[in-house]
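Scrolling down, you'll hit the structures one after another.
Look for subunit A in each of the two complexes below; its partner is subunit B in the first and subunit C in the second.
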Partner chain A sequence: MTATKLSKAATHDHASRIFDLDVSSLRELNQALHNLTPGSNETAWEVLHPKGSHSVAVGVDQPVTIDVRGSVGYYCGGMNSGSTITVHGSAGPGVGENMMSGSIIVKGDASQYAGATGKGGLLVIEGNASSRCGISMKGIDIVVHGNIGHMSAFMAQSGNLVVLGDAGDALGDSIYEARLFVRGKVDSLGADCIAKEMRPEHLELLQGLLDRAGVTGVKPSEFKRYGSARTLYNFNIDNADAY
Partner chain B sequence: MCGIVGLFLKDKSLEPKLGAMLSEMLVSLSDRGPDSAGIAIYGAPSRNEAKITIQSAKPARDFRDLDTELAKAIGAPVSIAVKSTHAVVRTTPAKIDEARETIQALRPDIRIMGAGDVVEIYKEVGLPEAVVDRFDVRKMAGTHGIGHTRMATESAVTTMGAHPFSTGADQCLVHNGSLSNHNNVRRELIREGMKFETENDTEVAAAYLSSQMAHGKNLGEALEGTLSDLDGFFTFVVGTKNGFGVVRDPIACKPAVMAETDQYVAFGSEYRALTKLPGIDNARVWEPEPATVYFWEH
Partner chain C sequence: MTYRNPPTTPRKSATFDDYTLSEIRRAAATGIYDIRGAGAKRKLPHFDDLLFLGASISRYPLEGYRERCDTSVVLGSRHAKKPIELKIPITIAGMSFGSLSGPAKEALGRGATLSGTSTTTGDGGMTEEERGHSKQLVYQYLPSRYGMNLRDLRRADAIEVVVGQGAKPGGGGMLLGQKISDRVAEMRTLPKGIDQRSASRHPDWTGPDDLEIKILELREITDWEKPIYVKVGGARPYYDTALAVKAGADVVVVDGMQGGTAATQEVFIENVGQPTLACIRPAVQALQDLGMHRKVQLIVSGGIRNGADVAKALALGVDAVSIGTAALVALGDNDPRWEAEYNELGTTAGAYDDWHEGRDPAGITTQDPELMKRVDPVAAGRRLANYLKVMTLEAQTIARACGKNSLHNLEPEDLVALTIEAAAMAGVPLAGTNWIPGKNGF
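Up next is the complex of A and B:
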């Protein structure tokens, strides 16, 4: 740990602890975040010059805010538990992978498998997300302002995926119980994923998600809902030849 | 894994810095592949010279007096510029094929890295930093170039297994991924008359493109063909004498990011590779779409 380097940076702003990744190592940043204990006064963090670094702010488990000034590489905010991370740039593959709670906001675009296997919390992509967005999601809420790529929500188990733009091929292939809301066109639906009726409780749920994601000027009624036809849940003897 | 980069300059004032920029991009991806690294630089064309990049494990023995012996054998002026294990042989364009055959007859242990009017190809086992230092790549000028750092999967870690692969004049290719039908495609291409130096899957992709272009297709059409004729995982970055192309397979699990400004088009396996390019903060940065061909020509 280079405590002197850090405390010098922190004196610039009493409220916010600044980590410049041109000066400090990624490991120092993540170790400092992991050292946080409940009730810590260091609730605001700022990361400068991430320059596509991998694993920025992975595994944070305290309710702090982290502003990352620039674009990040793989797995930013992975396993996040309770923190609020804002990426003021774009994110590489696996942003918010296996997030437990808290929120991650990406101001730019996100690469492949954003929010993969996420169990909770909110992931907002203000640009576009790439392929496999929300793959195997397990309770996370994902709101994408732009479009999502192919094979998104593959084997999604629970949670909500909201897309203000379009979805690529094979949306929701082999989906279990997640809810998918798409405002634009869907190139194609994957196996066992079907369009479903938008009932009042879904409109209410979607309004809540849009509010939490800071989306304005868009009505829940503009979206279509997709989900599981539930025909792949159990082994069907008629399909034995297919295995 | 593997890391690949490409840089196609639009602004002539950057040409003296091409080698330095491309080296920086490749070195930043070193942890994507520690086995070997290579770079192809497209330099300024010369009306009365073509080039062959050659390699030898015993350069002191193989390169000594090669210029005089080769000049005598082909009856044309020959110059040779040695850089470590590689050397660039220059002669008149009309004699380039004869020179290539004669080099292999005179020095059977020499390997041909590539040939053409403008391309030079340097590749060796080792980390990108060591490879670009060994060949002084940072000082090279050029119009465009591609590079690769390798984590081997489909064939041995050797100089010849390193990328870029060149299978046609001024053509070369780098690849992140692995092909599953390369043995079949190689057999078909051998039947057509293509020659192969290795068992490597990427060499097959390079030869496939060379064959398509030899049949009259342009770079974009040839790249389009990979989507139906090659099976497996791939992100390809390809250089030709005046062009630069990118294509990803339809699944597109191998990472790719591109940036374009008025000065250049750049490709990297990751955004990290692009962060030191001039004006990157205001560049258009995007992830190339699956099964979509991108290409630029001067």
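Up next is the complex of A and C:
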């Protein structure tokens, strides 16, 4: 049975539209997702046997839900615009890279560059994230239940990175206006990244992020806030040692 | 009558020349390296060191004004469903909005469109002026990802993954605070007025194996419609071209060290990378070794000025060339009509390269609302189209003289070199000899 027939049958039952990557190709999956138009009834999708495939559900621009049953390779949900993608497994490098809006939930761990350059939306990693989490982030919100690796939020421009566990070395190196909230320890801060006062508006913001990420039993007051000292914003030769 | 020893003429050092002395004094006074725009200014082996042979008894020419000489080229047919079809093999290189003013970007789009060729965004995202006035627009995918978004990616006609550029292979972008207007700041998601030193590496891939996966992602996002270019600076053209092909590129763009930049360190521009002439043959060789010459197209840029340069690049095996600096000059950059204002900036028309300061009298490399009014996008676009037309006619003139009914039929056998250096770099014989340095054991 071809995947197309299988998925049509599923639609008739008003169940999820199922794409089994054992029988249909990645190209067919992404094309079917891109063919969606506003108001489509095919709002629930399920992807079976991803088995580490790269570029699963990239460039989706309709508000559908996509449940990926297994682990994915690079760039799952890349440039996502409005869809809700749940990875019931772990994600390879660059999950949710350059996400515009919508949300991506990774039930397992995420590899390097999670949420890289993301412009908006919410990325939740229920396990740990690796190095360079939130690198160059530009408005995305990222919530990591576990720990994050070194060089996370490197050159982070805007958005919020929330870490319930610990952060590795050089957190927030060369950071711009992104906000970093870490509950555990930070191995070291990168150039121009400093601990900042947690004011009431930050506690409120953080509570909102925890709520959106489905985190319970954790209080905003348990976190420390980090951000830019803004000393590297305009070049000064006396700061050359910082680079 | 007293005897006086004959004096010697005061002699300046070739090593410590006037420019070098002024740079030492400048560095000592300021404590910071010199930053400027444009590409390498030093004298380098270049297309001027090559000559065409023309027709003779063994080759017959085509009639100059009567017989057809095709100039069209298709880019991206390897994988893309919708390749780029250009009427002329001269494209406009990537230059950012931010570095350039809105009217200048619009003029580039207008000029390119009138000429049946493409223009390219830059490290600052896609503007409406540019998209609206460019029939064929190449969208750069840069390490900074400033302004990168799904909608623009899908309304681009091709995507260029930028790994490096000739003026600064291994360097990132630089846009100083004085050019960060509200609009530029918004497009780049950064506070107004701060310096932007964009990343030199992509944030989510490293090396050729990752690049292959990144290209797959871009193809999947855009449903395999758009050609994917990979642009590299002229560092290791043989291996960079081969690796780009291996990673799945439809088009490889190699930018030599004469290629311009909006701003970087003078020491970087003049001392890192290889001349354009030295990059071409290794890049062509890589394609030939892989059996991909003419299947993956090669675009070369950096110091292309006239139809002879275009013809020479094509004869060496290139599919198309790109112009940046020359296009800006056609729009009005460094025009002597602004000489008094150049003098006020401590420079002269033809030498102005402080593009990062945003005070360009010609209104091109600025975000100053008053200065940018000096660029009339319609008239400037027309000038660019005229210039592109002249370059094309010049290249056709040479090709017909060599007996070619297409610019792409020009070949290395049509060329000789004036210098041993150029002969070695281009792989063509030294004029008057059959000697190609490095070939046949010599």
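Brief remarks on what is shown
As a working rule, the second predicted complex is superposed on the first by the 225 of 243 C-alpha atoms of A that agree within 3 Å, B and C clash if a C-alpha of one lies under 4 Å from a C-alpha of the other, contacts with A are read in each partner's own complex, and residues count from 1 in each chain.
What we mean here is this: a contact is a pair of C-beta atoms (placed from the backbone, for glycine too) under 8 Å apart; a residue touches a chain by one contact, two chains touch by 3 or more.
Treat the numbers as computed from the prediction; the structure is a model and nothing was measured.
With both complexes superposed, C is the one of subunit B and subunit C in contact with more subunit A residues.
By the touch criterion stated above, A:Ser71 is placed in contact with subunit B alone, subunit C being left untouched.
Of the two partner chains, neither subunit B nor subunit C is touched by A:Asn160. Once the two complexes are overlaid on the shared chain, A:His150 sits against subunit B while remaining clear of subunit C.
In the superposition on chain A, A:Pro93 contacts both subunit B and subunit C. In the superposed model, A:Ser131 lies in contact with subunit B only, and not with subunit C.
Contacts of A:Ser83 after superposition on the shared chain: neither subunit B nor subunit C is touched. Once the two complexes are overlaid on the shared chain, A:Gly52 sits against subunit B while remaining clear of subunit C. Put simply, subunit A uses residues 73-74, 93, 112 to touch subunit B in one complex and subunit C in the other.
On the subunit B side of its complex with subunit A, the touching residues are 252-253, 255, 257, 270-275, 285-287, 290. By the touch rule above, subunit A contacts subunit B in their complex via residues 51-53, 71, 73-74, 90, 92-93, 109, 111-112, 130-131, 149-150. For subunit C in complex with subunit A, the residues that touch the partner chain are 30-32, 144-145, 148-150, 153-154, 176-177, 188-191, 193-195, 199, 203-205, 210, 213-214, 216-217, 220-224. Subunit A meets subunit C in the complex at residues 26-27, 30-31, 34, 54-55, 58-59, 61, 73-75, 78-79, 81, 93-94, 97-98, 100, 112-113, 116-117, 119, 132, 135-136, 138-139, 154-155, 157-158, 176-177, 233-235, 237.
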